[in-house]
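So the structure is just underneath, and the comments pick up after that.
Labels A, B, C and D are assigned to the chains in the order they are written; within every chain, residues are numbered from 1.
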Amino acid sequence: MEQINVVLGVIGSDCHAVGNKILERYFSAEGFSVTNLGVMVSQDEFIDAAIETGAEAILVSSLYGHAEIDCEGFRDRCLERGLDHVVLYLGGNLVVGKTDQTAVEQKFLDMGFDRVFSGSHNELTDQAQLLRDDIMASRNGKRHRAG
Amino acid sequence: MEQINVVLGVIGSDCHAVGNKILERYFSAEGFSVTNLGVMVSQDEFIDAAIETGAEAILVSSLYGHAEIDCEGFRDRCLERGLDHVVLYLGGNLVVGKTDQTAVEQKFLDMGFDRVFSGSHNELTDQAQLLRDDIMASRNGKRHRAG
Amino acid sequence: MNTGLDTQKFTEERKTVLQSWPTGSEVDLEEAFAFHQSLPKKKVCSIRLQEALDQQVVLLQPRAGVALVDEHIRLLSFLQEESDLLPTTIDAYTRQNKYADAQKGIERSEQAQRSLLNGFPAVNHGVHGCRSIIEALDKPVEIRHGTPDARLLTEIALAGGFTSYEGGGISYNIPYAKNVPLEKSIRDWQYVDHLVGIYEAHGCSINREPFGPLSGTLVPPCVSHTVAIIEGLLALEQGVKSLTLGYGQAGNLVQDIAAMRVLKKLADGYFRQMGYTDYQLSTVFHQWMGGFPESEAQAFAVISWGGVVASLSGATKVIVKTPHEALGIPTKEANRDGLLATRQSIQMVADLSPLDTLRISEEEELITSEVTCLMRSVIELGAGDLAAGAVRAFEAGVIDVPFAPAVCNAGKVLPVRDNDGAVRLFDTGSMPLSSDILAYHRDKIAHRAKQEKREASFQMVIDDIYAISKGRLVGRPT
Amino acid sequence: MNTGLDTQKFTEERKTVLQSWPTGSEVDLEEAFAFHQSLPKKKVCSIRLQEALDQQVVLLQPRAGVALVDEHIRLLSFLQEESDLLPTTIDAYTRQNKYADAQKGIERSEQAQRSLLNGFPAVNHGVHGCRSIIEALDKPVEIRHGTPDARLLTEIALAGGFTSYEGGGISYNIPYAKNVPLEKSIRDWQYVDHLVGIYEAHGCSINREPFGPLSGTLVPPCVSHTVAIIEGLLALEQGVKSLTLGYGQAGNLVQDIAAMRVLKKLADGYFRQMGYTDYQLSTVFHQWMGGFPESEAQAFAVISWGGVVASLSGATKVIVKTPHEALGIPTKEANRDGLLATRQSIQMVADLSPLDTLRISEEEELITSEVTCLMRSVIELGAGDLAAGAVRAFEAGVIDVPFAPAVCNAGKVLPVRDNDGAVRLFDTGSMPLSSDILAYHRDKIAHRAKQEKREASFQMVIDDIYAISKGRLVGRPT
C-alpha cells in the first residue's frame, strides 16, 4: 500500500495524552504514516509538521473544552500557509459542558473541519476508512464537506 | 387532655404495613386515641369504625398506586352514612408513577379530602398539630378545605 | 396435608378454579405443553439460569407491569436489551382475585391513555394476552406478584407460556395479605406447585421462585431463610424441579454475603436430607427492598450498592430497583437506568476473588445455627407434615416476620441494627433460638445502644426503618 | 537544591513573580495574614480536616470552576450544602500561565453568557476576586488546578484567602505539561511551599495537597505513592504543616483499600525518618479518574463505587466525580447529584468495621516493598538532595508514570490489570523493583493471559483503558 502521511496532535493547552497515544497506534496499525506531535500543539506547529512531512491530513484532538477558542481560524491558517487540500479532522470533548452533539459538530464543520467526532466514547471503528476515502477525494479535488 | 378518637388504615387492596405501624405509634404518642384497622380496609370498614368509635377524623393511607380508584366517592359515602363533620386525611404514594405532587394533591383535595400528604418520604413533623386544629375547626363547623 | 396432591381431587378442584373467571376456559393443558416444548431455549428460564450457574455470572431482572397488553409488550421490549430475564409484574387487584376491579382498571387505563393499574392483570388478559407477550420477546419472562390464592393466575400464566413463576404459600401470604389463613394459602400454593410438577412431568421446565424478602423491612436472614427452605421443600414435594431461593439485601456487607453463601448450602442440606436430589437450585438477591431515598442520585447509590453486593455474594440473579422507587411505578427510562447502573456495578466487581474475611465466616456460622434452631422446631411441630409444621410454627411465633400485615403472623419480633449495621433481634418474640444466640443478639444491640448513648427502643427501630431513605444504613440519633 | 529556600533570593524572585501580571500588585502579605487570622474556623481547611480525622468520617469535595466571579460564587453556593470542602478549579490557560488567553476567555464568556473556560481564572480576577469567593461561602475552599509554574497563582490565591492548595512539582508537571523541565517545576513548587511556610509561620494555616492520581489511567499505587511521599517531604522542608496525600481509585477493592492504608503509614515513616514530627497528615481518595461511561446511570454506578471504597479505605476526604464526566464540565445539578450519590454510598458503609481479609494485608505488604525499592533508589540518586534525587529518578526511569505527556517522563512502563482487576506492571521499564516483585507481577499477568487465552499485549492495555467506560473493570476480549 502506498504511504499516506498524516499529522496527529492535541491542540492548545490541552494535556490529555491517553486518547492521543491510542489514536497514534490505531492509525499506524491501519497503515498510515503518523507524525504524532503529542499534546499541547499550536495551529502553526500542526501546519509546520504537515508541510514538512507532506501530510495529506491533520488529525486534531481537543478534550479539555477549549476547542472553540483553539480551533478558530485553523482552516484559514492552512490556506494562508499554502495547505490547500489538507483534510482536517477533529475529535474529542469539543465544548465546555454537556451539549447537543449534532449542534457541536455543525459548529466545527462550519469552521472548516471535514469531519468532526464529538462525545468522548468515540470507538475507533471506521475512522481510518473514512480518512482514506476523504484523502482520495481530496486528491481528486473533491474535498469532502459533511453537513 | 380530652380524648380525640381517630381511625387509621390503608385503603383498598393495599398491603403496605410499615408506614401504618409507624403512623399508629406517632398519633398515639401525640395523644390521639387511634383505632388502627391495618391494611386492606374498604371505605365502609373505615366508616363503620368511625361511627362505632365516634371518631372525628379518618386517616387514610394508600401506597400502592390505586388511590384514584379506591378513594373515589369517599367523602360522599361519609355524608351518606351521616358522618357530616369527619375530617379526612390522605397520605402515601397516591398515583401510579412519579408525578407532580401538587397536581396530585389537588386531585384528592377536589375529591373531598381535607389534607393530602403525597410523596413517600413524608416525615412526621406537624401532622398531629394540623389534625388537632382541623378537628377543632370542624367542631366549630368550619371544616378546613385546603387549596 | 404435606403430600403430593391427590390427582383426582386436584382435577376436580381445577374445574372450579378455571370457572372462576371467563378466561379460565382458554386453558388447554395439552396445547400448553406443545407451546412450551416449541419455545426456543433462550426463552426458557431454567436454561438461562443454568448457564449463569455454570459461568458464575449474575443475571439482571427488572420489575415491570402495566395495565394493557400492547403497552406491556412495548415496555418489556424496551427493557429487554439491558435485562437477562424479564418480568411481568401483576397488579394488586389481581393479586387479591378482584378481577372485576382489575377490569375497571383496564377500562379506565384505556380511557386515560396511561396505566391506572400498578401491574399487568394477566387473568383478565387471559392465555392469549400472555402468549402475545411471550411471543414478542426474546428472553425468559417470569410472573412476579404477591397473590395468596394464585391458582387461576398460575393456570393462565403457565398456559400462556411463562417459564418462571414467583411466590409461595407463606411468602405470598404473610407480607401481602391480612386475613388469609396460612393453611389456605399453603394449600393453594401446593396446587400451584402441583401444576408446575405436571408441566415438568411433560417436559416443560417451569422455574419456581419463593419470594425471599418478605416484608422487605429489617427481616433477619434466619427468618427469610427458614421460609425459603420450607417453601423449597413444599415445591419439590409437588414435583417442582427448578428452584430459585431469594434473599433481600439487609444492608451490612458482611451479613449479606454470609446470608447468600449459606442460603444455598442450607437449602441443599435440607433438600438432600429429605431425599431430593434431582433439582436445580439457584439464588436471587433483591436490591434493598425497604424505603428508598427520594433523590434519584441517592437512589442510584442504593441501587449500585445492591449490584455490588449481588456480585460479591455470588447470586445467580439480582432483582433491580429503579431511581423512581420512592416515588412511584418507574417510567421505562428510569427502569432501564436501574439496570444500567446495576450492570456497571456488578461488572466492576465481578473479577474480584471472593472476600476471605473471618467475620463473614462467623456470620455464616451464626445464620446456620439460627436456621437450624428454627427448622428443627418447624419439623418437630409438623411431626412428619411440613406444611402443618409451618402453620403451627407461625401460630406459635416460631417463625415471625417483622412488620408483616397478616394476622396469622405473631408480629412480636422486633429487629434492629447493631453498631455495624447488621440486622439483629431486639425482641426475639417466641422464636426458639438457643440461649447463646439470644445472648449474641442482646450483646450486639447493647453495644450499639452504648455507642449511641441511648436505650435500644422502638424509636431506634423506627430510626432504622427510615435510615436508608434519609441517606444512611444505621438510624443514629442526630 | 533540596533545602529551605534562601530568604533573600526568595524575596527578589517574588518581585519578578508579582510583576508578571497586573493583579500581582494586589498582594500585600501583612494584610493577607490579617485576613487569614480573621477567618472563622469553619472556613479553615486544616481545622475541618482535623475534625474528620478525629471523628473518622470522610469529607466530600467536588470539582468546580467557571470563568466569571459571580457565576462561580453562585455555583459554589449551590454546591455548598452537599459539600464539606469546596473547590475552585482553575482553567487550563491559567495553568499554562497564559493569562492573556484567559482574559479572552473571560471576555467571550461575558458576551456568550456561558463559561467558555474550563475553570476559574484566579490570576486574572486577582486578590479581590478571590476574596469575594471566600467571603461568600461558609466552608473551606481549595484551589485545584494543574499548573507547573504556580508561583503567581499561589501568591494571589493565598492572599485571596484560600486555605488549601493542591499540586506539586512532580504531580503538576508530569501529567499536565509537555516540555517543562522537572528541575524547573520542582523549584517553582518549592517557591509555593516556601510561601505556604511563611503563612504558617505567621499563624495562617494552609493545607497542601499533592495531586495523587497523576495521569489517572492505570497508575500502579507504588508509582503514585512514591511521588506523594517525595512531594510531602519537599513541602515539609519549606515549612508546610498540613498535608493531604492522595491516591486515585484503581478499581480493585483489595488493592485500593491496601493502597490507602499503607499511604499514610509509609508517609509517616519517611517523614519521621527525615526528622519531621510537627505536621498534620490526612489522605484523599479520588473517585475513578480514567475514562467514564457516557450513560449517566452507569456513571452513577462508578461514582457510587468510588464512594463505597473511599469509606472502606478510611480516606479523610474524597474527590467526587459527576454523572456528566464523560461528556463535559458538569452542570451544577449534575455536580450536586454526584455529591448526593457519594454521600449516600459512604454513609451506607460507614458503620462497617474495617475488612479483615488476608489478601488486603498481602497487598499492603506488596505496595510497601515496592515503594521501599523506589524510595531507596530516589534517596540514593539524590545523595542528600531529595529534589535532585527526584529529577534523576525520572531521568533514569526509576519513577515512570504511565500515559503521561511530559517528555521528562520515561514513558516505558506499561500497566495492565491482573485477573482480579488489580493494576500490575506489564512492562516495568527501568523501575528498580526487586526480582521477587517483578516475578509476582509477571505471574499475575500470565495468569490473566491464560484465562483469556491470549498473550498479554498493548491491545490488552488498551482494552483495560476503555473497560470502565464500556461497563466493566477488566478489558476482556469479547
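The rule we apply is simple: a residue touches a chain if its C-beta (ideal position, glycine included) is under 8 Å from a C-beta of that chain, and two chains touch if they have at least 3 such contacts.
These figures come from a predicted structure and were not determined experimentally.
One finds 31 Å separating the Cα centroids of chain B and chain C. Put simply, the C-alpha centre of chain B and that of chain D have 55 angstrom between them. Taking each chain's centre as the mean of its C-alpha atoms, chain A lies 66 Å from chain B. Of all residues in chain C, those touching 2 or more other chains are 293, listed in ascending order.
Taken pairwise by the contact criterion, the protein chains link up end to end in a single open path, with no chain closing the loop. Applying the touch definition to every pair of chains gives A-D, B-C, C-D. For chain B in complex with chain C, the residues that touch the partner chain are 12-18, 20-22, 25, 38-40, 64-66, 68-69, 93, 95-99, 119-121. In the complex of the two chains, the chain D residues touching chain A come out as 92-93, 95-96, 98, 101, 104-105, 108, 114-118, 146, 175-179, 215, 217, 290-294, 324, 326-331, 334, 403-405, 458, 462, 465, 469-470. Touching chain D in their complex are the following residues of chain C: 251-254, 293, 295-298, 300-305, 307-308, 323, 336-338, 340-345, 347-353, 355-359, 417, 419-421, 468, 471-474.
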